[in-house]
Amino acid sequence: QRTDVVVGLVLEPPHLDPTSNAAAAIDEVVYANVFEGLTRFGPNGDILPALAESWDVAEDGLTYRFMLHDGVTFHDGSAMTADDVVFSLDRARADDSVNAQKFLFADIAEVTAEDDTTVVVTLDQPNGNFLFNMAWGDAVIVAPESAETNTTDPVGTGPFRFADWRQGDSVTIERNPDYWGEPVQLERATFRFIADPTAAFAAMMAEDVDTFPVYPAPETLSILDADPRFEAIVGTTEGETILAMNNRREPLDDVRVREAIVHAIDRQEIIDGAMFGYGTPIGTHFAPHHPAYVDLLDLSAHDPQRSRELLAEAGVEGLTLSLALPPPVYARRGGEIIAAQLRAVGIETEIVNVEWAQWLEQVFGNGDFDLTVISHTEPLDIEIYGRDDYYFGYAAPSFLAIWDELNETLDPDARNALLGDLQRDIAENYVNVYLFQLAKAGVQNVDLEGMWVNAPTQATDLTGAYWAR
Amino acid sequence: MTRFLLCRTISLLASLLVASLVIFLVLEVLPGDPARFMLGLNTSPEALAALREQLGLTAPLPARYLGWLAGMAVGDFGISYTYRVPVADLIVERLWVSLPLALYALTLSTLIAIPVGVLAAANRNGLIDFSAMGLTQIGIALPNFWFAMLLVLAFAVNLRWFSSGGFPGWQDPGAAVRALTLPAIALALPQASILARVMRSSLIDTLDEDYVRTARAKGLTRGQALWRHALRNALIPVVTIMGLQFSFLLAGAIIIENVFYLPGLGRLAFQAISARDLIVVRSVVMILVFAVITITFLVDIAYALIDPRLRRRAP
Amino acid sequence: MRVAPSLIIGAVLSLAFVVMALVSLVWTPFDVTALAVGNRLVPPGDAHWLGTDHFGRDIFSMILVGARTSIAVALVAVGVGMVIGVPLGLTAASRAGSWFDDLIMRGNDLVFAFPALIIAILITAIFGPGAINAIIAIGIFNIPVFARLTRGAALSLWTRDFILAARLAGKGRARISLEHILPNVSNTLLVQATIQFSLAILAEAGLAYVGLGAQPPVPSWGRMLAEAQTMIALAPHVALVPGLAIVSTVLGLNLFGDGLRDLFDPRLQRGPA
Amino acid sequence: MSLVTVEGVTLSIGDTPVLNGVSLEIAPGEVLGLVGESGSGKSMTALSVLKLLPVGARVAGQIAFDGRDIIAASEREMVALRGDEIGMIFQEPMTALNPLMTIGDQVAETARIHTRVGRSEARALAKAMLERVGLPHDRIAHTRYPHELSGGQRQRVGIAMAVVLRPKLLIADEPTTALDVTTQAQILDLLRGLVRDEGMALMLITHDLAVVAGMADSIAVMDKGVVVERGTVLEVLQAPRNAYTKKLIAASTHVPVRQRGKQGGALLEVEGLCKDYALPRTSLFGPHETMRAVDHVSFTIKAGESVGLVGESGSGKSTLARAILGLETVTAGHVLLKGQAVHAAGRAAFATLRDMQMVFQDPYGSFDPRQKVGRLVAEPLHLLGSGAPKGAALEGRVDSALKAVGIEPGMADRYIHEFSGGQRQRIAIARALIIEPALIVLDEAVSAIDVSVRAQILDLLADLGDRLGHAYLFISHDLGVVRAITDRVLVMAGGKIVEAGPTADVLERPAHAYTKTLVAAAPRLAG
């Protein structure tokens, strides 16, 4: 019976502190393994208690009392108390904070320690998402002594503790013998960083790696799955992959032109061509596995004839648009297919492959683009359509009105109905082309059990993993 | 000799200074902001500003350049933006992979190239020569990532003799050498092909020299004349190429490092460029430039060792 | 004069390469920009002689058009190197030992000292990826190659008596460089150009591997090969065909260059005594 | 009983026949001079005896050495023979030694290969032999490398290497051609002594009949791969029977007929001319050390006069010539041509070059191989600037210049490699003539060409001088040539002119010590 596992990850984390960098690779190593927050995501996206054993919410929805577990220690041996929670939350929302998701803490008015194991958080306004927010990797609890050194020597409360980081190659974590909860079954886990898709395939085939939770080469997944040694595990993610359009720019500010583009796109061809069939078509910016999801695919059926008519109607001819493509394969391959599909309705595209840094500055930061392909991986992020300064520039009054109503609503069913309205609003206004929900296409050794199937957040939770043989 | 060394050192320093300025300026015009890269899509402007301040990105250009230079002079390359560790540590760690890999590949390539080149030259226009040179032509023509991939498929995936990539560290030297073997072969083959061709043509040239005929007139056999007289003379261009190759192997291995996911210097630079970790990029490039210049310097000295005519350039 | 078999093989392969590029101008079996995802990864057969790629495009057509891209990239990259490098080398040689010569040569050494691939990545990071920027990146590193080669060859010519004779005729350095030095180094340059040409094709493939070569939808052998990497287990022909195209073309050009060198070699050339 | 017998040896390399039934004999202790013009097959004959022929060579016939059949001998037997029983010295002392091996080791190597002696013993042998050839260890350390020796010293090392095991036969292929006369005399002396003391046979290959005359017992004359005449030195030189031999001897002693030209006033005035070359700096900030190649040289050449300049290698002759022509900056002094300064600022040299042209030593290297002869010959017309003839006028100039040197004008659109050495030198003269200069400087213009051609060129120069009346500055290390063609001679040593005067006077009754050694060292044919 093996007690160690080698996990393949595509990207190496820049460092290991989840509270000061947006890189998903950090969470993929440390989330739930090394660091814990008050709450946490479960395998299917539900919010579970973590360091907080339980909590009370006041009637007005403004005060949260968290009861912490007893006898929790950090990996350096010091006790985890309410003061550490206060420190962590205050640090994240401070003026000079470099937390990448500061909005998670935006509604917090005050955090106080009632006693060693009780923390009270007061909000400025009710926030239905607060417990969800506290489950993010960016909201984990850290100790004041080690907060600054977590980048290279992470000290958390999790069931694994950091053992070794071989820059550029791997990070190793090992079982924390003093864990407060149920001990994990694995003795140690090694995360290896393999960006090259071919190398990833070779590493699996050579059994140098036991699992790739997010396998970078969908084209070879079927081969691995057919091999009796391995199995493919396909689940869902929170990544809505869209062809974003610059709603501010001519002629994309004309809804007819946007609709024309939407009808020019054949989603299935993109899913097949770029992702080799892995992915679920979406008709709006919402995860299909979410209870509030509304199927709006009919609004945007593939209909090139309609596209041409709409373009004619809008009086647009000989249109040439730039198409910025960041590095992931869904964008690069998908973009090529999109370009061909647009050409079929008479829209020429000029493909510009960009790096992430460039995409962030040029497209995301400065809004300097016509079209781009991107996957929005944050959970429940339809909110971005209400941001005035967001890169695709929608923020229509119709949307904002529903949004405000939603924020004041606490009843779950009513909330779901409003979320449906939001989805319909952006779909009917053809803000972007909603392509597909990114699949979590992973592969693993058949004997490895207890890994997550879905990815409600980007994490490699190994707490339940074990070897069947 | 001291004069020679002094002159070389001054020109070396001048080159490095020019190089540092070029690198610094080039990286300044590179679009992309490290702070934004680190904080991602959902960040707030205040967090961005705070991080920029923390990283020292707000200081004026000349101040940053001079600060960097002054730091380098005392071996302090600064703190990596993304990794948050001293750049020097990062580089040293990567060098422990890149340097052995380059040396391994160079050794392999030399061990293959010199005998092949010598054999081919000794049997000029013969069957051995023809087939060896044909093979070297193919070796040169292979795109290296393609060849590397074929190696992985054959030796790691099918035969399972080697691991498909990665680097286990030097605690277990045997495993480390095994991990570097396939990458070294992938790197060495094209270099060996080039080197073998240089060796052959250089040896053919020297075999035509008068002193080889003199040696034969003394009663040396063809082989003795080749071995004792021609070979050492033929090594001079070979050493030049080896010097160039070493610097290439040190810096140009990015692609091979990617295919074998090795934590080498080239990949560090590549990753740092995409993360806009400019402080790492410029330090790595600087180190590589420094390495190349130093190697050129060493090759000059190697010349002097091989060739007495160069030993006393100036009294 | 006996022509070496390697020269013939090289010439044939190089010619095939050029012919492919020319043919692609007037005819390809299929449209290389038309995707047919349903028809992807078809093995070589009657309809598609060399099969189809992961988007269902006809590989044979892409190879034809890719030859054109390769020629364009390599030609311009070598052109950049020659147009800048050769005059620099000629001027440096005509003023050997002067500060100008020193400056050019130190500058050359410096360019040589920079890690080529990293600089290429930087250049494309600054200007964006694409064929033009790949050309610039490859071209920059061709400049010192040609400058050095030209200078070396020119220097040995400057010591020859016929240069003295030209000076006796009252001709200046620039004029001598053009009238006497340049024609006499042209063989050497031609041979080196062939070799740099093949290296440029390989370099483009390397850049394409890191995603920086010619950009879609323009087919390029390097990108075809890079994109086909992961498909090799699925449909080997997708990776083998562009690989073989590159190998045989580079091989052909190298053999051709070597053959030319032998042909021009003064030791093998014998005028009447 | 002869040591070496070569009988009807035929040799071809590839498809070209090189030797065609060569026969000769050398007895022990005998010196055979093998003479002939370039390409006649002298070297190939010698290499056949050693079986060190180039790849692709096929030999037929008989070669016997000391009773052994060389043609049939295996490579192993030959290896044992070479260096031990047959030693060989080559022409080029500069390239015949391995630059990366000390001279002591190179000499010792011969011994180590053939005898079972140890390293130190071989060194001792080498040391003794190097001393014997005039390189005692205390003056020239045997741990030196070849580049630290002069040409003559290197040739001594070559000889030591060849004779360290006291071979029965020594083959010397043009051992002195690359050396200047004084050194040549020393080396020939050394060889003569070795042959006498060790009793070995010597095959001395040379193109210079005068050298053979002083050294050899017998002579074999080769022409186009055939030995056309054999006999004792006296027989052959005094009473040659073969037509080719006669021609060769005549050419070697040829004196062109010249009328003493009508001389005019001063054409070229050189005054206090100095030329320094910078040596590499010895300390970083110290001044350059300099080497004075031309040291306060002053002389005058009158219009129509033919002046010789002699001196050994490195004495500064070529530097002086280049300085006169304005191709080289000068350190001090001035040069006036027709009263006009050559080294004045601006494009002065451009102006004076119209009246002054030069012919170089190497008839091939002085032409751009990529231009046609017509264009090459016309090149100096560039000096006329906008007044240069064009079109038909230009062609006319080229034609008449070529005609003047006896080249068919129709050949103007050939390339230079399509001409023989002698023709090339004529074309070089045509190029100098085309602009009708008052002075032609010839730097070793006939040194590289065969004697028979040399005679023609000298005739041509004499004739042209008489007809067109230009002055010559004739630089040569060959006193015979200088004697034949000049009125006055300047002797140069160490950058200075040590003696000057009418040619006959200086060469017959040298006053300066240096001139005396020079004259004494020069081999003479007609004694």
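Structural remarks
Per-chain numbering from 1; labels A, B, C and D assigned in written order.
Note that in this section contacts are C-beta pairs under 8 Å (C-beta built on N, C-alpha and C of every residue); 3 or more make two chains touch, one makes a residue touch a chain.
These figures come from a predicted structure and were not determined experimentally.
The highest number of C-beta contact pairs joins the chains A-B. Chain centres here are Cα means. That of chain C falls 46 Å from that of chain D.
Inter-chain spacing, taken between the CA centroids of chain B and chain C, is 22 Å. With centres taken as mean Cα positions, chain B sits 39 Å from chain A. Distance between chain centres (mean CA atoms), chain A to chain D: 86 Å. Listed for chain D are no residues, as none touches two or more other chains. Across the assembly, chain A contributes residues 196, 198, 327, 355, 358 that each touch 2 or more other chains.
Shared interface positions of chain B, i.e. residues touching 2 or more other chains, are given as 31-32, 149, 153, 258, 273-274. Interface note: chains touch in the pairs A-B, A-C, B-C, B-D, C-D. Taken in their complex, chain C has these residues touching chain D: 160-162, 164-171, 180, 183-184, 271-273. Interface of chain A with chain B (complex): residues 12, 14-15, 17, 20-23, 95-103, 151-152, 166-170, 192-196, 198-199, 202-203, 205-206, 208, 327, 355-358, 360-362, 364-365, 376, 378. Remark: chain A residues 196-198, 201, 217, 219-220, 222-223, 269, 272-273, 327, 332-333, 335-337, 339-340, 343, 351-355, 358 touch chain C in the complex. Those residues of chain B lying in contact with chain A across their complex are 31-34, 36-44, 46-47, 50-51, 53-54, 82-85, 90, 93-94, 97, 149, 152-153, 156-157, 160, 163-167, 169, 258-264, 267-268, 271, 273-277. Across the complex, chain B is touched by residues 6, 106, 109-110, 112-119, 121-122, 125-126, 198, 202, 205-206, 209-210, 222, 225-226, 229, 232-233, 239, 243, 246-248, 250-251, 254-255, 258, 267 of chain C.
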